[in-house]
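Chain lettering (A, B, C and D) follows the sequence in which the chains are written, and residue indices restart at 1 in each chain.
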Amino acid sequence: MQPIQNQAARDALLEGYRTVRQMTEKLVEPLTPEDQNLQSMDDASPAKWHRAHTTWFFETFLLQPHQPAYCVFDEHFNYLFNSYYEAIGERHPRPERGILSRPTAETVTQYRRYVDAAMEELIARIDDAALGQIAPLLALGLAHEQQHQELILTDIKHAFWRNPVSLAYQPAQGFTRDMPPPLDFVSFAGGIVEIGHDGHGFAFDNEGPRHRVLLNPYRIASRPISCGEYLLFMEDGGYSQPELWLSDGWATVQREGWQAPLYWTKDAKKGGWQVFTLNGKRAIDPAEPVCHVSFFEAAAFAAWAGKRLPTEAEWEHAAQSGRCEFRGGFLDRAHPHPRPASAPPGRLQMFGEVWEWTRSGYEPYPGFKPAGGAIGEYNGKFMCSQIVLRGGSCVTPPGHVRASYRNFFPPAARWQFSGIRLAEDV
Amino acid sequence: MQPIQNQAARDALLEGYRTVRQMTEKLVEPLTPEDQNLQSMDDASPAKWHRAHTTWFFETFLLQPHQPAYCVFDEHFNYLFNSYYEAIGERHPRPERGILSRPTAETVTQYRRYVDAAMEELIARIDDAALGQIAPLLALGLAHEQQHQELILTDIKHAFWRNPVSLAYQPAQGFTRDMPPPLDFVSFAGGIVEIGHDGHGFAFDNEGPRHRVLLNPYRIASRPISCGEYLLFMEDGGYSQPELWLSDGWATVQREGWQAPLYWTKDAKKGGWQVFTLNGKRAIDPAEPVCHVSFFEAAAFAAWAGKRLPTEAEWEHAAQSGRCEFRGGFLDRAHPHPRPASAPPGRLQMFGEVWEWTRSGYEPYPGFKPAGGAIGEYNGKFMCSQIVLRGGSCVTPPGHVRASYRNFFPPAARWQFSGIRLAEDV
Amino acid sequence: MQPIQNQAARDALLEGYRTVRQMTEKLVEPLTPEDQNLQSMDDASPAKWHRAHTTWFFETFLLQPHQPAYCVFDEHFNYLFNSYYEAIGERHPRPERGILSRPTAETVTQYRRYVDAAMEELIARIDDAALGQIAPLLALGLAHEQQHQELILTDIKHAFWRNPVSLAYQPAQGFTRDMPPPLDFVSFAGGIVEIGHDGHGFAFDNEGPRHRVLLNPYRIASRPISCGEYLLFMEDGGYSQPELWLSDGWATVQREGWQAPLYWTKDAKKGGWQVFTLNGKRAIDPAEPVCHVSFFEAAAFAAWAGKRLPTEAEWEHAAQSGRCEFRGGFLDRAHPHPRPASAPPGRLQMFGEVWEWTRSGYEPYPGFKPAGGAIGEYNGKFMCSQIVLRGGSCVTPPGHVRASYRNFFPPAARWQFSGIRLAEDV
Amino acid sequence: MQPIQNQAARDALLEGYRTVRQMTEKLVEPLTPEDQNLQSMDDASPAKWHRAHTTWFFETFLLQPHQPAYCVFDEHFNYLFNSYYEAIGERHPRPERGILSRPTAETVTQYRRYVDAAMEELIARIDDAALGQIAPLLALGLAHEQQHQELILTDIKHAFWRNPVSLAYQPAQGFTRDMPPPLDFVSFAGGIVEIGHDGHGFAFDNEGPRHRVLLNPYRIASRPISCGEYLLFMEDGGYSQPELWLSDGWATVQREGWQAPLYWTKDAKKGGWQVFTLNGKRAIDPAEPVCHVSFFEAAAFAAWAGKRLPTEAEWEHAAQSGRCEFRGGFLDRAHPHPRPASAPPGRLQMFGEVWEWTRSGYEPYPGFKPAGGAIGEYNGKFMCSQIVLRGGSCVTPPGHVRASYRNFFPPAARWQFSGIRLAEDV
C-alpha cells in the first residue's frame, strides 16, 4: 500500500465517504419507521438493518482496528448487524431481522451519525501511511454500502408489494408505451481473450485474477430483451412448455404457479398486464426491458427464441470491446425502473437498466484466493449454486459497476432487477 | 330490548366507552411505531392491528348500520382489520399482519379518533329506542376491546422476548422471594348444580344458556400453583417422564425441547432460573403463581401431584360459592405480572393473577345457539380442539371477567398468562 | 380375579384366542408381501406391522411375565413393534414403519406361529389361579387385535387408493342404487341417566366408571345420514359456505381442497360421483350411509340440516334403550363397505355400518383412573384433541363393540369408516 | 447411420443386450419383494422401479417405434415408469414410487422377460439398415440401464441403512486396516488442450462437443483421499470451522448435524468409527478411499489441506494423459465397496473406486445442443445447480465410464460413492 501524502487525495476520500453515506439516507427518506422494519421474506432485510449493517462494517473493520480511542456505539450491534462474517462471531439469524423493533430507526440514525463523525475524524487525522493502508478497506466499505443501497430498494419493493393496499415508494411517473427498438446481434471472433479485473482502481476479490480464456466465435444481442418480446413468449405458451425449461426451472414454475415475471398482474377490469413499480402500479411498456425474471425464465426465453444466454466471459469480452459505447441508466431516485434502451446497428448497450443473467455458474477464477480474515468471507464462500449476472441495473448506484463486476443470485431469484440478454454461436 | 330513557344511563354508556377506549391507548404508550408493527408468530398480532381491529368493530357493527350519515374512514380497512368474520367478506391473512407497515401507527391513531368522535355522537344523539337496541352491541364491542387489551400485552411480551437484546415494556419493579403460601383443598358435595350465565348484565354468547349439571363430590385447591411448587416438579424430572404426560403433550415436549415454562431461562452466570417479565428479566419468586404453562404442562403437573385439573363446571360452581371471597389482581399497567396470592384456610382465591386451565374441552352448552349474522361467528365456531380456561389474569382488565366467563386456547398455547389449579375427587 | 377351574371355560379361552388370531391372517390373504409393507401416511401402518404388533402384545404382556421358559422370538422386535408404550422402552418412529422391509411378511408369519404355539401352551397348562389372573389381559390382547383388524382394512384401503392404477382388495360386488330409506327422529325425555360400562364382560378402561349424567330432552335420528342426503348438502354448496363450518374445519376445507368425502371422485366421462371401495371403484348408492367424512364435515352437515350431532351420553343412552333393536352389519370380508340400513318408525338402527361422530371431545369420565404400568397407557393419554365416535362399522369385527364403546379420532380424520348421525333438542 | 451388414456385429449387439439385462437381475437376487419396494428418500427409487423403468425405456424408444406388431405389456406402465421425459406424457410423482406395491416384483420380472423376448426378436430380425439406425438407441438404452444398476445399489444401501436392525446386501468380507499409501501430486503444464468425447464409440450427449480449453499449469493428486486422511480433518475440527466451508455447505452442516461422512457411526462400545457397507457394518480402514461425502465436504477438506478440487477440464486432461495408467476397481457384486488404490510415483490412479467431485458446475459445453425429441431430455435439462463428478466407482459397471464421462449430483448429495481428489495451482 502506498502512503497517501496528498491533501487533495485525502479530501477526495472524505468527499467520497460523505457522498455514499448520504445517498443511503436519501434513499430511506420516503420510508416511515414501520416501513424500515419490514422483512417480507428470508432473502430480504429491513431498510433499517441495511442502514445499520453498512455502518457496522465501518465500525468493525475501520474504526475498531485503526482508531484506538474509538468506543463502540452499542455492544449488542456486533451480534445484531453482522451479516455473515463467521470470523467476527455469532450473529442474529437472518430470517428474524424483521423482529428487531429496537434499535429504532431513530437510534440507527444516531448510530450512523456517531460512526460518520468518527470516520470523518479518522480520515482527516490518520497519518499518511496508515491512510494508505486503510484506503482499500474504505473503498470496500463504500462499495459494500452501494450494494446495500440497491438492496434497500429491491427489498422495500418486495415488502410494499405484499401490502394488499397498493403502495408506492415514489409518486407515479409519466410513461409511454412504445414498440421495442430493433434487436441486433453483434459478432465477435473469439479466440484467447483476457477477462477479470486488471488491478486499476477498486474491485471485489471475486473479479480477479485477470486471466486468459478461450472463446469460440459468438454473437451477442445489442440490448436486453424487452417486455414486448417477453409477452410474445408468454402468448406462445412459454410457461406451459416443459421442453423449454431446465428441470429445476420447470419444477419451480409448477410449484410457484409462475405465469409471468414477478410484479406482473392482470388488470382486473381491462384484462391487460400491469406491472408494480416503485412508482406504483401501471400498464406494461412493451419497449422497456423485461425485469424481475429468474435465471430459469431467462434460459427458457432463450430456448424459445432459438438462442442461448451468454457466458460471463463472452459478456465481459463484449463489454470491454469498442462496440460497447452505449450505457443504460443507473440509480435515479425519482424513477427507479428500467427504461427502453438501444444502440445503433452494430453497437451494443450493455450496462445499466437490468442485471443480465449469464449462462455461467458462479465459480472461482483460475488462481483465485480469498483474502485472509473476516474480509475474505466476502465473496468466495458463496461460489456454489449461484448464477453470475452482469452489468448493473436502474437501482445500481452510478459508478458502482465495471465490465469485470460479477453479481450473483440463485437461479430462482426474481426480486432483483434482473433481465435477459441473448447470445448465440456463430 | 328496552329503550334507554334516562340521561344518566346514556352518560354511563358514554363514560364506559371512553374509559375502555382510552385504556387501549394508554397500553401502547410505551411502544414505538416499530414495536407496534411486530408480529412474532402466527398466533400473535401487532399492537397496531389490535388498535385498528377493535375500532373496525365499532365502525362495522355500530356506525355503519346505525349512523346513516357515517362515512367510512378508509375503505381498505374492512379487508385489513376484519379478524375472522367470514360473513363480512374477504380478509387479510392472519400470519401476514406484520407486513402492514401502512397504515402507520399514526394513521391508526387518527382512525381511532375519527371513530371515537362518531361513536360519541351516536351515543349522545341516537333516540332512546335505538339506543336500547344498540346497547348490547356496544357492550359487546367494549368487552371485545378488553379482550384485545389483554392480547396487546401478551403479544408484545412475546415479540420483545424474541429480540436478542433484552427489552422491557415497563421499568423493573422491586420484588421479594418468598416461600409459597399454604395450599389447601376446599370440599364441595356436588349434586345437581347450575352453571352458565344467568342473563343479568353482559356476557358472551358462549356462557349460556344457564343449565343444570350433575357433579360428583370434589375438592378444589385454594389458590393456583406457585413457581416454587412447579420447580419441585421440574427438579423431580417432570419434563423427562412420559408417563406423566398426555400423548400429544409428550410429543410437544420432545419436539419443542420444553424444559421449563415459557420465558424461563437459566442465568448464565449463577445458574438459577430467571423469568422474562414485561418489567424485564429477573429471578423467580417461588411464591408467585407459575404462569405461561400449557394445558399439557398443567395436566402433567397435576398427574405428578396425584391430583387432576378441575372441570369447568366444578370451577364455576366453586367460584360462585360463598367460599370464594378472595380475588387476585387484574391489569396493573405498571406491573403486569402475577403476584403471590392466597386465602385463609377453608377459603378460595379464584380470580385474577393467572388464567387457570380446566380439564374441559371447549364445547357448546346444552341448548347453545349462536346469534345470527356475523356477530354469531364470535364464539361458537371455535368450539373444537380448544381447552377452557377460567378466572382472568394479571393483564385482564378489571371488571372484564365473571364466574361464568369461558376463555379458551389450544392445549399447547403458552404465551397467555396461564397457570394451574388442582382438584381431586373426594 | 377368580381362578378358572372349569375345563370348558379354559377351552373357550383357547377357542377365542384362535378365532381372533386366525381372522387377522385371513384378512391379509389378498395382500402380496409388497402390499403388506405399505405405509401411505403417518397415521397408517403397514399390514405386516399390525400383524407383528398384535403378536408383540401377547409376547410382551402375557408370555414374558407368565411363561417362565419363554424365549423371545427376536430381541429387536420389542423396538420395532412397540406402538406407543413409553414404559416398555424406546420404539421405532411411527412414520418410518414403511421402511421395514425386514422382517419380511414371511418372517412375521413365523413370528405369529411361534407366539401362537406358546400362547396355546400357556392357556392350556397354566394353573387355574394364574389363568384367572391373566384372563383379563388375554381379553385385552384379543380386543386390541380386533382393533388392528379394522385398521388393517382402513390402512390398506388408503394405500391402494394412492396407487394410480385402481386396485381392489376384493372382487367387485353387485350393488343397487336406491333412494335413502325414511329418516325419523326418536324422542327421549332425558333426566338423570347412567352411562359407562357396568363391569359385566370385557371393556376398555376408558368406558368406565359407570356414572350418572343429566340429559336434557332430545331427539336422535333413526339411522345414519345416507349418501343421497349428503349429496344434497354438496349440491347446496355445503363445501363453500364458511358459516356452516367450525373455524378449524373451514381452514381444513380450504387447505386440503375438500369438495366431497374421501374416496369420492368425479367420473371423468359421465360426470357423476364415484366412490373407491375395497371392492374397487363404482357409482355412489344414494341409499347407503355416507362414510369417510371428518368430524368437521359431520358438524357442517348437521348445521346445514338445522340439527346437531348427539353428545356421547345421548348416543349411549339411546343405544341402551329399548328403541334400539336394529343393528347394522359388521365386518364381512367379501364386502367391506356400509350397506343401506334403517329401522321401522319409532325405532333406531344404531350399531354397525359406520362409526358415528358425536359432539363430544374425548375426555375422562368422572373418577376415571388409568391402570398402572404400561397397560395404563392404553387409553387415558390420548384424552386430548380427539372426538368420540360410537357404534362400530362395516369393518369392525362382530362382537367387538358395545353401547359403552368409545372410539376416538382427531376431527380431521377421514380414513376410517366414519359417518353422521343427527340429533336435536326437543 | 451405417447399416449393420455383418452377422457378427448383430450377434454382438444381442450378446451385449443380454449381458447388461442379466446383470440387473443378478443385482436384485439378494433382495426380497419387500426390499425391492422401498423408497427411503425422495432422491432414491425402489429397486423394482429401476428394473421396470429401464425396461420401459426399451419398450418406449425401441419396440414401439420399430417393432410394428409390438403390443405393450401394460398400458399403465407408461405412466408409472416414465422417469422424467415430459415429451412422453404425464408421469407418476417421483416421491411416491414407494407406494406402488403393484405391479409386484414378480410382475416386473414378467415384464422384463416379455420385453427381452421382443427386443431379442427385434435385434435378430430387423433389416440391416434399420438395425444401423437403432443401434445408437440400443447403446443408449444399455448405458442407461447401467446407470440404474449403480443406483439400485446406492438406493438399497440407503434403505437398508434406515432399518434400525442392521441389514447387509451381501455377506461380510474380510478386510485389513492399513495406513494410506503415499499421496503424490503429478504436474501438468496446461495450455490449450482438448476435452469432450471425440465421437468414437458410445457417449452421452453431454460429453460433447469435443472442444479446446485453456488450462493454467496444475498439479493433481495421484489417488483419491483416504479414510485415514479424512479422519485427520475430522480430528482437527473440520466440521466445526466455518471458514473452511462454502456458505451453503456450512448451513447444511449445521442443519443436518453432519459430523462425519454418511454411513459412519461411532461404535457404541469401543468408541471408534465404524462404517456401514453393503457387506454390513465394520471398522474403518484408513487406507481405503473416503466415500459418501458431499461436494461441500470435499471442498472443505481441500481448503483444510491447503489445496483445491480439480476443474473437470483438468481432471479429464490428466485422465487422458499417459500418466494415468492405473485404474481402480469397478462393480464387484460380492464386495461393493471401494478398496485402497494407488499408483507408483509420478503416475495416476484415476478411475473406479469412488466418483470424484470436481470444482465445476454442470454446464453445457460450448456448442452443445441437446438431441431432438424425448431423448433430448436426457441430460441438458439438468444443467443447473449440480456439480460434475468424474471417474466411476466401485458400483459402476465395468466398461461404463470414459475419460469424458460427466456424472452430476447436487452439492449436498452423499448417498453415491463419492470421494475427493485434490489439485493445486503450480
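Here is the rule we use: contacts are C-beta pairs under 8 Å (C-beta built on N, C-alpha and C of every residue); 3 or more make two chains touch, one makes a residue touch a chain.
All of these numbers come straight from a predicted model, not from anything done at the bench.
The chains that touch both chain C and chain D are none; no such chain exists. Chain B has its Cα centroid 48 Å from the Cα centroid of chain A.
Mean C-alpha position of chain B lies 60 Å from that of chain D. A separation of 38 Å divides the Cα centre of chain B from that of chain C. Annotation for chain C: no residues touch 2 or more other chains.
Because contacts link each chain to exactly two others and close back on themselves, their graph is best described as a ring. Chain pairs that touch one another are A-B, A-D, B-C, C-D. Residue ranges of chain D in contact with chain C, taken from their complex: 32-38, 40, 48, 76, 79-80, 92, 96, 98-102, 104-105, 159, 162-165, 167.
Within the complex, the chain D residues that touch chain A are 84, 86-87, 192, 211-214, 216, 242-243, 245-250, 295-296, 299, 359-361, 363-364, 366-367, 377, 381-385, 411, 425.
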